[in-house]
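One chain, chain A, appears in both complexes that follow, with chain B as partner in the first and chain C in the second.
Take a look at the complex of A and B:
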């Protein structure tokens, strides 16, 4: 079920501060974050975040289309181990 | 034979049933169209007057997204996810289930028919 609209999008508060300071500093450096559960807001567009996947901080350049998704969606936590033979089966 | 929304030629079935042959019109929409136009449910397509057929055609053109347009929209939505590089997009790319289902077993609709792994010996008793 979708989240109630009256609550607004969920974001961990400190992200807003981090984004603000990085914007102010002007340098385009990667902002390391652990908060995979936070929604990507319009004010994050253009910034680069390093989203932790339990192992590394994967760089995510936020574009306009990403608004409304969560940070975690862009930083896969699992390594895909498939069989190479599967390739034939998928695209025939 | 009535052509509604381009290619569709529903047969001598009830209107509510035959409208569902159009991609994008299911039970609910078909019922809604009939109710709005005041066509009784028992009426069959071959008993419709030309005027009624025209009305249905107009209504679908105006209020519903069907066939090619709808297919394109769905494809665009999937393409958006794939280009974005988000988890759901990756699942679409790999041809695996997108909504968190298990893939240890099952998931055959997405994965296609099972392929035997070369060199795997069967246990024989």
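Take a look at the complex of A and C:
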């Protein structure tokens, strides 16, 4: 069953405070978090989080089209066998 | 980089009795593998690949002859198919092939060595580089201009400015990590 709309999106409260602090500092930094369950809010766009996958903190650069998803969706916990041979990475 | 080979596919099991084989393509779009023909194997033999169905292909040797029968197809099982790096199309502005990034030497802005790029992670939230340090420790940095200000594929060097880290542990009352 889907989450009730009246509750709003779930996000761990301490993340909001840290995100605000990080944005105010304006430094190039990674916010390391364990909270994979938190929803990505519009306030997080432009920040980089290190989301723990049980092994390491994978960098997640938050963009607008990620809003509404959970942090854990971008930090897979299973071993990934490899990207395609002709795959390209774009520098953000 | 001139003679570097990129693994593009692997021959699977034989299909039928007419010399067809299953091919596991490692390209982003599996059907694109045929466009990279001729493909080279470990021994340097060139093959032209023609798709005959979903995942099923005909391999033709340099003289254009297909594999004769199932026995010839079975002899090709587990053959790795490569293309020379220079045959891949040019990447766009600020785009890099993962195959080019892996193995580059990472240095900090002052020129001190940080290690070697071991892996490129990309799970839909921007690419990130995993740099294996000389002491076995690994460093994960987002692949953006702030953290990776310079990439010189020809020289085999990237400049990495590791971002500061801010640890956000849940308060003690919350469920501990």
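Just so we're on the same page, the second predicted complex is superposed on the first by the 79 of 92 C-alpha atoms of A that agree within 3 Å, B and C clash if a C-alpha of one lies under 4 Å from a C-alpha of the other, contacts with A are read in each partner's own complex, and residues count from 1 in each chain.
In this text, contacts are C-beta pairs under 8 Å (C-beta built on N, C-alpha and C of every residue); 3 or more make two chains touch, one makes a residue touch a chain.
Treat the numbers as computed from the prediction; the structure is a model and nothing was measured.
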Worksheet item: Between chain B (first) and chain C (second), which does A:66 come into contact with in this model arrangement: first, second, both, or neither?
Response: both
Fill in: Comparison of chain B and chain C by chain A residues contacted
C
Item to complete: Name the contact category of A:76: first (chain B only), second (chain C only), both, or neither.
Response: both
Worksheet item: Shared contact residues on chain A for chain B and chain C?
Response: 63, 66, 73-74, 76, 80, 82-83, 85-86, 88-92
Worksheet item: Which chain B residues qualify as touching chain A in the complex?
Response: 80, 83-88, 90, 94-95, 111-113, 115, 117-118
Response to the item:
Seen from chain A, its contact residues with chain C in the complex are 12, 14-15, 18, 21-22, 27-35, 48, 50, 52, 56-63, 66, 73-76, 80, 82-92
Fill in: chain C - residues contacting chain A, complex
6-8, 26-28, 32, 88, 91-92, 94-99, 101, 120-128, 138, 140-148, 151, 161, 163-171, 174, 177
Worksheet entry | List of chain A residues in touch with chain B within their complex | 63, 65-66, 69, 72-74, 76, 80, 82-83, 85-86, 88-92
